[in-house]
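Please find one structure pasted underneath; my questions will follow.
Chain naming follows the written order as A, B, C and D, and within any one chain the residues start at number 1.
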C-alpha cells in the first residue's frame, strides 16, 4: 500500500508509464474549497515534458479530468479522482529491454520484488508516475489557499556542481518561470542551460539540486516525534525518482559551524510576533514550523539513461551490454521544480489539517502577552 | 498520533525528559523471536549519556523493563511494552527557562503548537525521547536476526567539517566501539575527541555527520512510490533530534557527476546473483533494495545549548537574553550512532514484513536462470 | 480519508451517484495474480440494478475499465485503478430535493458535516458508491483464489421478518443465483419475491437479513485485539448503506443460551486437523479464524425512499412535506448479496496478507503432533 | 499491529493477563485537557472484578499510573502512557491447560496463529486486556468533556433472553450504578441477579445484551464511506471479548418494518435545530451523526468457562476432556458496561477530532436559516 501519502489529507496515486491512465485519488479534502480542472492543468503543464530541448521529447497532452468530488467548482469533501490518459504510449519501443537490466534503473529491483515487470518502460518507476503527485499537489495548493497565504516556490539551484545565487526570502514563481531551466538567477540559468545542452549533445546527463521555500506557514505545524514536519518533508522528497539527498535549513553545511555560530537568535517581529535573526533552522525547530520561511533542498542524481554502451546483466544473470535509445531528459531538474512544490504542498496541507484536528482552529496562546 | 512509526512492525514511543518513564510499545512483532531484556539493555547502554566527557554528565541508570509480549525469552506476537524510569529528574532545574525561549530549541514551537510546555526540560524534544527508539530498535534487530544475516553499523564520519576515512564494505561494530567517539578511523577519532573537548572547554558545541551501512539486506525491500526504502529511511533520520540532512548512496556529491560517471554497472556476482561494480546507488534503486550494502548519512547540527549569553525573547514576545547552565552534550554524534542504527533496524524490519505480506516468504523469480 | 479500507490489501473508492465516474484504486495487491476485466465485470453485473422488477429500474451499463496495475492478465503489484462511467445521470431529476431533507436519508447529515451537497442524488450516500467496493472485492477474490480454496457465498435469508431455511455448510453460489431474489431456498424465494412486489405496488419498501458464509479460510486470520477478524467484518458490514446490525456465529440468539449449551466442543477432524462439533462461534474464536466456516449476518433496514407524502424539514429548518418520485429499489437485499461477498473478500484478503507478513507463509506449528 | 485503535485520537494497548503490566498509550490527545489519575481510576474501578458475587473473585488492585503526557493535571499533547501492575498473577494455576484447548476459548486459534501461547491464562484473549481500553476511554471522556456536553450511558439490557425496560432518552449513570448488575430497571435487575447467581451455582454462565446511548453528540461526526460512525462503533464493539452481535438504532427488529413505518420524520427542534420524531436511525444517518441520541446494542455470548467436563482436543490433535477450575465470571455483562462506554468514548473523541481536522472548528452552515 505504498502508493498512499498523507494522514488526514491523503493521496493515492496510480498508473504506469504506458497504457491506461495515470492519476490520483485525493481523500480527506475539506469541503467548499474552490477547485477547477484549469488550476490543476496549470501545474500539470509545468511538469509536462516535450516543451523544450532541455527535457524529454515525449509528447504528452495530459489533459486532466476530475471524475468525482467536485461540483460547481467546489469540493464536496468526498474523494476527488483525477487522471490523464496515456496517449503517447509506444508499447513495442521497449522490447529490447525486456530481459536486460538498465544500469541504475529500477529494472532489476522491480523483478526482485515483484517477479514481473511492466512490459513497456519503467512502470511505476517512470517519471510519468509523478503526474498523480502534481495533480494531488494542485488540490493541496487549493486547500492551503483556503487556509492562509502560503507561497511555495522551488527552483533549480545547482546543476552539475555549478550553483546559482538566489534569495529564498524574495524569490518568486514568476522569476523561476522566466527561464525554461527554472532558475531565477539569469546568469546561472544561462550557464545551466548550456551545461544541459552539452550533456544532451554528448548523449550524457547531469544532476543537480532543487531548493524550495515555503513562506507564510504558521508556527506549530508538525507532529513529533516521528511525523515531524521535516521528517515528512524528507520522506516526500526521497520518494521522488532520482532523489539522493535532502536538507532542511543549514543542512550539511551547518554541521561545520559551532552551536554558538549556528543558533538562530529569537527577535521580536512585528509581523510574526516572534521571528529569528537568522534562519539556519530552515523554519523548523524540534520538528515544528516556527513561522519563518521553510527552506529545503533535494539532490537529484543525473538521469540514468545515457546513450552509451554500458556493462550490465540480463535477467538470466549473464553479463551483457546495453546502449539505450529513445527519448529521455538530459536533466530532470527543470521538471522536478513543480513536483517538489507539489510534495511540499501535500505535506503542508496534511499537517495543517492535523494541527486543526488535534489543537483546534484558533492557535493556542503562543505568547502570553497576546 | 505522531509518536507511532512503522506499518506492520510498528512502534509507539512515550515519555518526557523528566518525571515518569520513557518507553515504547512494539506492535506487530512476529512470534517466537528470541528476545531478552539484556539484549535491549546493551543498546540502551550505548545510548546512555554520562559515560565519558564527550557527552552529557546526566546520570541515567536506564534499566529496561519488558512488561508484556515476551515469555520464556520468546516473543508472543502480542504488543511488547518496554520502558525505563526517569530517576535523575531535577524538576526545579529548568525554572528559569519557563518563560524564555532557548534559541534553536523547540521551546517556542512547542508553545506555538500545544500552548503548554513540560515544566522541566525539553519534554518530547529532549534527546531522552530516543530511549524508546533504541529499545524498539533492539526488538527490530532481534526480528532481523530471525530473518537473515543483516549487519547494521553506524559511525561518526565527520565532526565540525573534519572527515574520517572508513570503508563501508568492511567497517565493524567492534571497530566503532573501540573508541568513545565511535569513529572506527583511529586517527580521526583522536582528532574528533580533541575537537569535542575543545568545544566543551569553550562552552560551545560541534556538529557532524553519522554514516551507516546495512549489509545483507535482500533485494526487493521497499514499497514504491511513497514508501520507497530510502524515503522511509529519510523520514526515520530526519525525525531524530538535531538532524538537518540525509543522503543515500552518492547523495549531494553524486549531483556533480554525469550519468555515465554515476551509473552502477551490473555485474554477475557469485554470492548475490547480481551485483553492481560501484555502489553510488547506496544499495537502493527505484526505492527498492538491490542487495548491495545500503549506505546513508545523517547531518546533525551542533547542539543548541551553548553556555554563552544569547539574544532571545520571552513568552510575552519581549526581547531578553539567556545564558543556559546545566549538563549537556558538547556533541551528540557519538550517542547518535546507536540511535541511527535503531532507526535503520526499525525501517528494515517493517519493510521485510511488508515484503513477506505482499509477496510471500520465498522471493519471486528474480533471475530467469535460477 | 474515510474512503480507504484495509491495511496491507487496501482499497480507496471514489465517485458520486451522478456525473463523472465511480471506481476504486486497489493498492498492495500481490503481483502475478490472474485478473481480467471480465472477472470484475461478472461481479459488477450481479450488483447492477435494472435487471428485474425487484430492483431499481435505473439503467447502468457499468462496463469496467482497468486503467493500471495489470498487464497481460497478471497483476504487477502496483495500484490497480478500476472504474465505470456514470452514463445514466439525470442531473435535473433531483432539483426538488435540493432544499428538502428526505427522511432517513443522508441529506441532512451531509449538510451538517460538509455544508455542501451533491446537487443531484445522494452523492456518496447513494448505493452507486458500492460499485467501487464490488470492483475491489473482485480483485480480492482473485487474490484469495491464488492463496487457497476459499468459497464466499451470501444470500437473502430473511425479508420483512419471513425467514428462509438454508444450510451454510452446503449452500452454493449457483443455488443463490438461481432466483432473482438471491435466496437459495426456493419456497422462501417465491414468498420473498411476492413480498417485495407487494411493497413495490404499495410504493413502500421492505428490509431483511443477508447471511454469508466463507468456507476454506485457514485458522489464524485476524489481528487482536482491535483488528479481530470479526471486528473488521463488522466494520465492513456496517459501512454498507442501510446496514443496521451485524452478527457472527450465534449472534443475538446465542445470548439466550448458557455457556454449557453454547460452547463448541473441539473434535479431531480428518480434513482440518481440529474442528468443532457445532459452530456457534461462527468460525471465529478470540477474533481469529478457527478453520470452520465463517458465518455472519447483516440487517438491512427498509429503503428510505417510499412514494408517500412524509413530514420533514427544509434546509431553513422549517417544517414541510416531501413525496419522492423516481426510480428506486423496493428492497436492497438481492443486490446487497454481491456487495456483502465483496466486503468479506476484502477483509479476508487483507488479513491473509497480514498473517503472512507477521507470521510467514507456512503456518506455525498449530498441533504438536503434526 | 492490531493493538492500535483510532486515527487522530489513537490508543495502543498492551499486556497479558498475568505477569508484568497491562496498559495503554494514548497518542494524539489535544493539549490542555484536564486529566487526573483519579478520573481514570474511577472507570477502572467500575471494570474491576472481585467486587460482588456476580463477577470473578480475582482480586485486582489495579491502581493506575500515568507515566507521561500529563503535567499539573493537564495534558501536554504528547503520548499519555497509563498502566496497572499485574499483582494477582498465579503463574502455575493454568499448567493443566497448557496442552488442552478450552472449548470456545482462544487457546486453539492463538496456537494456530502464533505457534506459541502465554503459559498462564488467556494472554491477550483474557478480559484483563480491557484495562487498557478503559484507561484510554477515560482519557477520551476527558477530551469529550473539553469539547461539549456528551453523556455516554450503557447498561445491561438483557440477560439470558430476559429483557429490561429502559428509556434511552433519560437513563442516567446513577440509575445504572445503583445496582451491582448495572441494570437501571430495578425489577429486571433483581431478576438478572437471580439468574446470574443461579448460573454461578450451576457452574454455568449466561450471556445477554448491553445497550448504550450517547447524548449530546453534534451532527456530522463520521467519515463515509468506510469510517462511517456506525461502522467504527461496530468494529469497536466486535473487538470486545465475547461480543457476537451489534445493532444501531432499530437493528434487526427494524428489518421487519416497511420503509414507511421505519422512516424517522424530520421535525423542527428548538434545542437541536433539526430533530426527528422517532429515532429508528439510532442517531446516525448515512454513517453520520444527526444530533439525536446514538443508540446501539452489543450481544455478549455466555462466558466459555463452565465448571463441567467437556469434550475437546489437546495440542496433539487427540480427543480428550476438560473440566475447568478457578475463578471466573458467571456473566460478563455488568463489567462490560464500562468497557462498552469506553469504546464509544474512544470512537467519538477520534471522530470529533477528525471532523475538526477536515471541516474546522465551527460547524458548516447546516441550515440556511441559521
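One rule holds in what follows: a contact is a pair of C-beta atoms (placed from the backbone, for glycine too) under 8 Å apart; a residue touches a chain by one contact, two chains touch by 3 or more.
Everything quoted here is computed from the prediction, not taken from an experiment.
> Please name the chain that ends up farthest from chain C once chain centres are defined by their CA atoms averaged.
It is B whose centre lies farthest from that of chain C.
> Examine where the copies chain B and chain D touch and state whether the two sides share over half of their residue numbers (same) or under half (different).
same
> Using mean C-alpha positions as chain centres, tell me how far chain A is from chain B in Å, no decimals.
Each chain's C-alpha centroid was found; their separation is 25 Å.
> Taking each chain's centre as its mean C-alpha position, how far apart are chain A and chain C in Å?
Averaging C-alpha atoms per chain gives centres 38 Å apart.
> Quick one: which residues in chain A touch 2 or more of the other chains?
1-4, 7-8, 13, 28, 31-32, 77-78, 113-116, 124, 224, 359, 364
> Sort out for me which residues of chain C touch chain A in the complex.
1-4, 6-10, 12-16, 19-23, 25, 27-28, 31-32, 66-69, 71-72, 74, 76-81, 83, 113-119, 123-124
> Along chain B, where are the residues that touch chain C in the complex?
7-8, 28-32, 77-78, 224, 353-354, 356-362, 364
> Taking the complex as given, what residues does chain D use to touch chain C?
That would be residues 1-5, 7, 13, 99, 101, 103-106, 108-116, 122, 124-125, 129, 158, 160-161, 199, 202, 204-209, 219-228, 230-239, 241, 243-252, 254-268, 273-274, 276-277, 280-282, 284-291, 299-306, 308, 310-313, 315-319, 355, 359, 363-370 of chain D.
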